[in-house]
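In the part that follows, the structures are each spelled out as structure tokens.
Two complexes follow with chain A in common, the first pairing it with chain B and the second with chain C.
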Partner chain A sequence: MQDNGWNDFEIGAMLRSFDGAVSDIANTQQEDRAYSSSNSFTASVADWRIEKPVFNKDFCIDCQFCWIYCPDISIIARDKKMVGIDYDHCKGCGICVEVCPTNPKSLLMFIERADEDKALTEWPSKEEK
Partner chain B sequence: MSGNKKIKNLKEFSTSADRFEGANLLCPGCAHSIIVREILNATNDDLILSAATGCLEVCTAVYPYTSWDASWIHIGFENSSTAIAGAEAMHKALKRKGRLKQPDKTPQFISFAGDGASYDIGFQWISGCFERGHNMMHVVLDNEVYANTGGQRSSATPIGASATTSPSGRISYGEKKNKKDMLSIMAAHGAPYVAQIAPNKWKDLVKKIQYGFDVEGPVFINAMSACTTEWKFAPEDTVMVSDLATDSLVFPLYEIIDGRELNITYRPKTVVPVEEYLAAQGRFKHLFKDQYKHMIKEWQDRVDAEWEYLQRREEARV
Partner chain C sequence: MAEKMELREVEVWDGNHAAAQALRQVQVDVVAAYPITPSTPIVEGYAKFLADGYVEGEFVMVESEHAAMSGCIGASAAGGRVATATSSQGLALMVETLYQAAGMRLPIILNIVNRALAAPLNVNGDHSDMYLCRDSGWIQLNAFSPQGAYDLNFIAFKISEDHDIRIPSIINQDGFMTSHTAQGVATLDDDTAFNFVGEFKPMNDMLDLEHPVTHGVQAEEDWHFEHKARQHNDMMTKVMPKIEKTFAEFEALTGRKYSVVESYDMEDAELCVVCTGTSVETARVVATQLRADGIKAGVVGIRVFRPFPFEQIAAALDGIKAVAVLDRSAPGGAPGALFNEISSALYSRDNRPLISGYIYGLGGRDLTRAHLVDLYSELQANADAGKVLTPLQQFIGVRGPKLSYL
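For the complex of A and B:
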């Protein structure tokens, strides 16, 4: 997108979320939508993160607490299953880790540059209460 | 026919396709987007939305991006409610004239506004909409402060909170006035449905929103939105702080139907002392100094009295 000066903007602006005509967005998952370049879905806030959540599906019980409480639509849930994390839109707030009820947690925060496969091997074991 | 989803449990709810997109510029851990997602996911109907100036608006419509996958409009600080009321009136007129392109569809009209844009600045406009009886829903994202402009007090700021225009210090314990009882005011307009919701009680939230969609007439929803920046807690604690707010009865969840029938929809199993809610937030930090300690008791007494009053109103049905 080209850079505009402050006086180049229109007074009223209309942005289209999708390219072309769309119907029934409420039943179309993100991967099937024709996003336009002015939809913030095409942008990324990955550089906001200091820590990132890492998902370990071995312990996940698909309760979807992380999905409902994620403020950034970054928990990908399909067919009632937790699939993974959308690292383009995750801001690293850590809510998903806080609300995860399993023992040990199936989501944990690691520093941004940590390798995911290595993080999975360092996963803590079950905590005795 | 309304397109409310049938939602029995969270797994079923999680099959929803979000109509609110990521990479908006809301703070990490902001409750605004949790509330917006839960509301938009409650229905399959087409949506016609507006937002007043505030965190939600400036962060989701940063030129050249939009985060909304539905018709969305922003005009001014005060008139998100009238913008939607105008759209609703136009929809009604076009329907009567038979000029709607999709006459079988019934879109939902929702206006979002912060507490500043509803309690203070946009109050007259909301009052007008409710008096005229538009078929719309007004959702207040109540973070009890003008968070977008740097944390000035609004008339939703509770007593004792430190805001930039009512700071705490040697002389003052912060905000001196208590929060305005907006729900009673809106119920007194004769609104068919008025309710208070919190993002951490998603089932209660979805139930109330769906009731609001089904009802004919203006609906007022007050949503507690814990603000990590201005309430001063860590971003990951949003849900924890919201839990404390609902469990300590600082933010009781109830609804008022037709201005008379008050129902308390959530009764905590164990009521948490208000002190814990205050201690979780930096904006009440000064209340724990010896000088202002009396405020904590005052808080507890007031919350208890309000809860008692709500229960009496629920019994009395007046």
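For the complex of A and C:
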């Protein structure tokens, strides 16, 4: 699509979400959907993120708060279990960290270039009240 | 099912009622409107037909003309047959959304009852609002009478809704002179009218849940140019043949002939007035009167303003000695809008006529037969001299010292 000429587009400022017809899309997991190349799911729209959330599964209680509050559907969860973060779509807003209720938090913001394995070793310990 | 309405073969309708009847007969699904003088009776008429059971559809009352066209865009993207009407200040507020509708390739029909633009505030007819949306990417058809306002609505739906076209259409009619002047209008019965346009066929409609689409997307420097280029290409190559085909089909059905450029007494003409709207009919009366005196006068009426009939204008004016282009809008520091278009169509021709422009009729000022007689005599003088003897832009019908420029 990147190099389409003027005559290669369908008419109208219109993009298709999927290749071909779809049914029961609400009950189809994202990885099983036939997203079209013009759907933003197939592209990285996160290249201006400067801080990223890192997920530490050791402290997560699968409350799903991050999944519910994420404004960009970038928390990946399956069967009500937290799996990780979709770094192609996360903008780094930090809302998931803000709403995480565990102690210490299961999600923390690190600078974009931080190594994730190293970040996990630097995780703070439980905060005494 | 909507109730059918019995119509006489000829009804006495004004342009507004004629347009409203056409919207009923094609069974428009959605009208979103914010009424404004002098176009109000068009949407009011549709609302009454709806309330009385003569049309199955929906009338959406909105808070502005910007919202009216926005509602139309949503309804059209959802997959409905959509129309509305407006004038003047309302159109000015609507302009932003006109570009959206055209770029999104939604086949909306907009009846514009042409009216002056403030200030000073004025409800009467001129063409300032017509030219306001000339670059918006809409097809523009011009009615000269209530009959035209009625017929061109059917023609516009058929052109715009074609899946090869999918470009919205404006039907212009002169404020009050057409919109509020009752004349005989030859009608189509409900079935014939509907069948000429046919059932609406959706395309990429948002209510097709098996094929989800995003309408009105953003495209920056990487794709915007390609979309605009495609839109212009379709306007330049596909629309005019479709208009000519639809005019021919309409003539076969009704006997009423429309042409992209309406030539009157042009076969052996030496002098020609080019104008649009109700002035075309006035000019025809004067040209006929002058023919009786041996003056070879003709009239060219602009029926299709967008896409601009470049080739047809050049052909119609080929071999004419002197042409006057009449512009009914304040030119704002330039030659008249129509003058510029006609001049560009003629400039590269070997056999181009002498051309001069006139500004007239602003805010509903009458264009009289006497004005036109004087104008043709100036053209005769130009033709005899072999050059334009007057300034290229003159004002006619305005009080005070004579105004002329260029």
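Just so it is clear, the second predicted complex is superposed on the first by the 118 of 129 C-alpha atoms of A that agree within 3 Å, B and C clash if a C-alpha of one lies under 4 Å from a C-alpha of the other, contacts with A are read in each partner's own complex, and residues count from 1 in each chain.
One rule holds in what follows: a contact is a pair of C-beta atoms (placed from the backbone, for glycine too) under 8 Å apart; a residue touches a chain by one contact, two chains touch by 3 or more.
Owing to the predicted nature of the structure, the values given are computational and were not obtained by experimental measurement.
In the superposed model, A:W67 lies in contact with chain B only, and not with chain C. Contacts of A:A21 after superposition: chain C is touched, whereas chain B is not reached. Shared-chain residue A:E98: touches chain B; no touch with chain C.
In the superposed model, A:I11 makes contact with chain C only, not with chain B. Comparing chain C and chain B on the residues of chain A they touch gives the larger count to B.
In the superposition on chain A, the residues of chain A contacting both chain B and chain C are 9, 13, 15, 17-18, 25. Those residues of chain A lying in contact with chain C across their complex are 2, 4-18, 21-23, 25. Residue ranges on chain B touching chain A, taken from their complex, read 3, 10-34, 37-38, 43-46, 60-70, 199-200, 202, 228, 234-240. Residues of chain C touching chain A in their complex: 103-106, 166, 204, 210-217, 219, 222-223, 225-227, 229-231, 233-234. Note for the complex: chain A touches chain B at residues 1, 9, 13, 15, 17-18, 25-30, 33, 38-45, 48, 62-65, 67-74, 77-80, 86, 88-95, 97-99.
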